[in-house]
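Shared chain: chain A. Partners: chain B in the first complex, chain C in the second.
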Partner chain A sequence: MSNAEVTSLIRVENVDTHYDSLKVLHNISFEVQPRAITVIMGVSGCGKSTLLKLLIGLKKPTAGNIFIDGKNLVNMNRRELDAFRKRIGVLFQGGALFNSMTVGENIAVPLRVHTKLSEETIRIMTQLKLEMVGLAGFEDFMPSQLSGGMKKRAGLARALAMDPEILFFDEPSSGLDPITSAGLDNLILKLKSAFGMTIVVVTHELESAFAIADQMIVMDKGEILAQGTPEEVKKSTNERVIQFLNREPEEKYSKDSQFLETLIGKI
Partner chain B sequence: MKVSLRQVNDGISVIDLEGDFDLYSSPKAREILLKLAKEKAPAVVVNLSKVGYMDSSGIATLIEALRALGKYGGKLILAGVNLKTMEVIKLARLEKIFDIKENEEQALASTKSQTQQV
Partner chain C sequence: MINVISALGKYGIDWVRELGSMGLFFYNAFLGIFKPPRKFYSTIKQVHFIGNKSLAVVSFTAAFSGMVLGLQGYYTLSKFGSEGLLGSAVALSLIRELGPVLTALMVTGRAGSAICAEIGIMRIEEQIEALECMAIDPYSYIIAPKVLGCIIAVPLLTAIFDIVGMIGGYAIGVGLMGVNPGAFIWGMKNSVLNQDVWMGVVKSFFFAILIIWICCYKGFWAGTRRGSFGAEGVSKATTEAVVLSSVMVLVGDYIVTSLML
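And then the complex of A and B:
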């Protein structure tokens, strides 16, 4: 086992991942510092959401290691994985609420399952979390009665239910209007400051990324192109990073001959 | 978290909390706070000066105690709130709801002045 740095909370080492024979992550290595916000950026399909699945233990890499507090997530048994998952909160893209439960019940679920807190304490905590995400008074609503943005905020309230040590966000700003999105960025910063949370955000929203990041990772085609502080990433000389940061449109997908090959086979 | 209870003059109770006030320790603090409310303690000072970390279960416990004491006119006073804990209280927008004093001495003095006013 490699020695994981004590200063990093998460250390990803030489990770490869495949979907069947398709390699989607190539030799990924980086560290996540505790009580900091790490933003993983890249265009759609660059592998960042797959990387998030690896970090929360939903998928195993085909090669490499992921250390959490020095313990390899890749080798964890079910009991160790359960213990790890109690320490984390995840906001999935669509909110991932249970549709048969009210918003309040959705938030209370992890507290009821994993703690011995009284129902009254859980009820107050649920109200606090809804207030934090701007949904005070919506505890008795069903998810189907909420807009997309509200579902996302309710999903965040549930991710926050257990006051997690590490909070993962998958595209937090997508589907939100600019004002709600800015409010969410502000909340992410406050969570880091007040609770000392370690936060990992996967996004392609540049404005949001630069507003919150302590550390950035820029990915493309399953590889890390640049990583460092926002200032360091801005100074990257990598053409693809410059293109991404400057929002330059993609080059034509392929040469005409390659395109024709995909349609009718080798010419 | 270590939770200890002291009785000072005029029936005022002081709860000293030491360590992390979180999901796993807040039930212990809740039990003592609600017991004092049941006994209709006139004022309870919660000394948070040795709390390193407080999560939302800690906040929820304090809110429940505030309500339980308030039902019969009892007072809940928070003392020794450090900057981190204050940030958590502010994040929940509760800084104006709680009676917060810099230290235990000031908290106890405030209970006396409240009694004199009555």
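And then the complex of A and C:
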């Protein structure tokens, strides 16, 4: 067993993924260190959401292995997968709250299913989790009464319900205003420092990524272009990484006339 | 020519794949009934949603179906001078055929479509994935209570349909057309046998399973198939669920009738 196997919590090895004939991920390898924030970045359609689905066991890779604490996620049976999922929390892009339940009931779902706690204890735990994400007093609200940022916080409270070791975030700041987004970044940092959680964030928001990351992975067209600390990624000499970090648009047409030609033909 | 053959082949493969996928869904939903968490309250909720909330529309349909049966039955029977048999004609048509079929069609339109859309929205908003990530089996948590609720509610609704329909038939036959009330009731009592009631009960159970299976299946995979994503996928799934359920109820009705005659 190498040293990396001992220290990393999640180890992804040569993962390939296809959707029918379309190759979405190619030869992806990286490690997630415990009690650190790993940010997976890339433009839309680069395969980062697919990678997240692989990490939480919602999809199986076409080839390659994903080790969680040395156990291969790819070969896990239903029971092992459930045991792994009880150790993680996932915040989906829109919060994924159950619309027919109140916020409090949403957070109580995993507690009611997986524990034999009394209703009174569940109520107190629900309030605690809501307080953690700054939504104290909102337990009787329906998800439809919450704003986008509040929905994400409530979704986070539900993800935290079972006190997970690893937290996964899918685009936490997308669709949020800069202030709410910064608030969520702070919350992610607090979860790491106060509870020692391992956090994996998938995002395309540069500012948020650099604000929280201990380790970064930059992806494009299903491949990893750069990985390392934020400083190391900033120093990358890869053209696509520089283009992504400098927010430069795709230079398909160097002149206006070229662009017009694509619309109306030769002029 | 080759294009036609390949298109036919693709259609065939897709059809078999869909059937296999439906079979797997049924298997998982059935297993889900016996898996934790306990489903007592969630099943009661579904019985309320499918049963109680469909009561008005089912009763309304039943009353008018019974009234039409009274009118048409009287018109036909009077040609043979057998108006006295109106009671048995109305009761037998309702218990053996119209009760189970029309109840199933009304439940499909009112509750089946809503269930399909609800599950479809859960799918496109990643709520089903969220359940899986919480190590909760979505078949056990979402689908099984709906299956149990439908299996309980539809036979009860069918029984109510039969009774309200007979009252409608009586009101028209006796009240409007002047059939002898004694003859009407006597006809009903004499001609309806246990096996007729049994056929109605079997049909209503069968239709309940058919409706909830199709509607839940279509909702569960809404928006995930090629060419239909997001909200459009949900609307497509809901339409497909209602059309397929209605058609399968009528096809299933023929099959059950032919097997039980």
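One rule holds in what follows: the second predicted complex is superposed on the first by the 248 of 267 C-alpha atoms of A that agree within 3 Å, B and C clash if a C-alpha of one lies under 4 Å from a C-alpha of the other, contacts with A are read in each partner's own complex, and residues count from 1 in each chain.
Following the convention adopted for this analysis, a contact is a pair of C-beta atoms (placed from the backbone, for glycine too) under 8 Å apart; a residue touches a chain by one contact, two chains touch by 3 or more.
Computed from a predicted model, the values in this text were never measured in an experiment.
**Student:** Quick one: on chain A, after the overlay, do chain B and chain C clash, or do they fit? Just give me the call.
**Tutor:** When both complexes are placed onto chain A, chain B and chain C end up side by side without any clash.
**Student:** Once chain A of both complexes is superposed, is A:F195 in touch with chain B (first), chain C (second), both, or neither?
**Tutor:** After superposition on chain A, A:F195 lies in contact with chain B alone.
**Student:** In the superposed arrangement, does A:D163 touch chain B (first), chain C (second), both or neither?
**Tutor:** A:D163 sits against chain B, while chain C stays out of touch.
**Student:** State whether A:Q93 touches chain B only (first), chain C only (second), both chains, or neither.
**Tutor:** A:Q93: touches chain C, not chain B.
**Student:** Figure out whether A:K234 sits in contact with chain B (first) or chain C (second), or with both, or with neither.
**Tutor:** In the superposed model, A:K234 contacts neither chain B nor chain C.
**Student:** Taking the superposition as given, does A:M132 touch the first partner, chain B, the second, chain C, both, or neither?
**Tutor:** After superposition on chain A, A:M132 lies in contact with chain B alone.
**Student:** Kindly classify A:K71 by the partners it touches after superposition: chain B alone (first), chain C alone (second), both, or neither?
**Tutor:** A:K71: touches no partner chain.
**Student:** With both complexes overlaid on chain A, does A:H204 touch chain B (first), chain C (second), both or neither?
**Tutor:** Neither: A:H204 stays clear of chain B and chain C.
**Student:** Is A:I56 in contact with chain B, with chain C, with both, or with neither (first, second, both, neither)?
**Tutor:** After superposition on chain A, A:I56 lies in contact with chain C alone.
**Student:** Looking at chain B versus chain C in the superposed three-chain picture, what is their shortest Cα distance in Å?
**Tutor:** Distance of closest C-alpha approach: 15 Å.
**Student:** Quick check on my understanding: which residues of chain A belong to both its chain B contact set and its chain C contact set?
**Tutor:** After superposing on chain A, chain A residues 162 contact both chain B and chain C.
**Student:** Spell out the part of chain C that touches chain A in their complex, as residue ranges.
**Tutor:** 36-37, 118, 121-122, 125-127, 129-130, 132-136, 141
**Student:** For the complex, which residues does chain B have touching chain A?
**Tutor:** Going through chain B, the ones touching chain A are 22-24, 26-27, 30, 53, 55-57, 59-61, 63-64, 84, 87-88, 90-93.
**Student:** Would you tell me which residues of chain A are touching chain B in their complex?
**Tutor:** Answer in residue numbers: 111, 115-118, 120-122, 124-125, 128-129, 131-132, 160, 162-163, 190-191, 193-196.
**Student:** Where on chain A is chain C touching in the complex?
**Tutor:** My answer: residues 56, 58, 81-83, 85-86, 88-90, 92-94, 96-100, 109-110, 112-114, 155, 158, 162.
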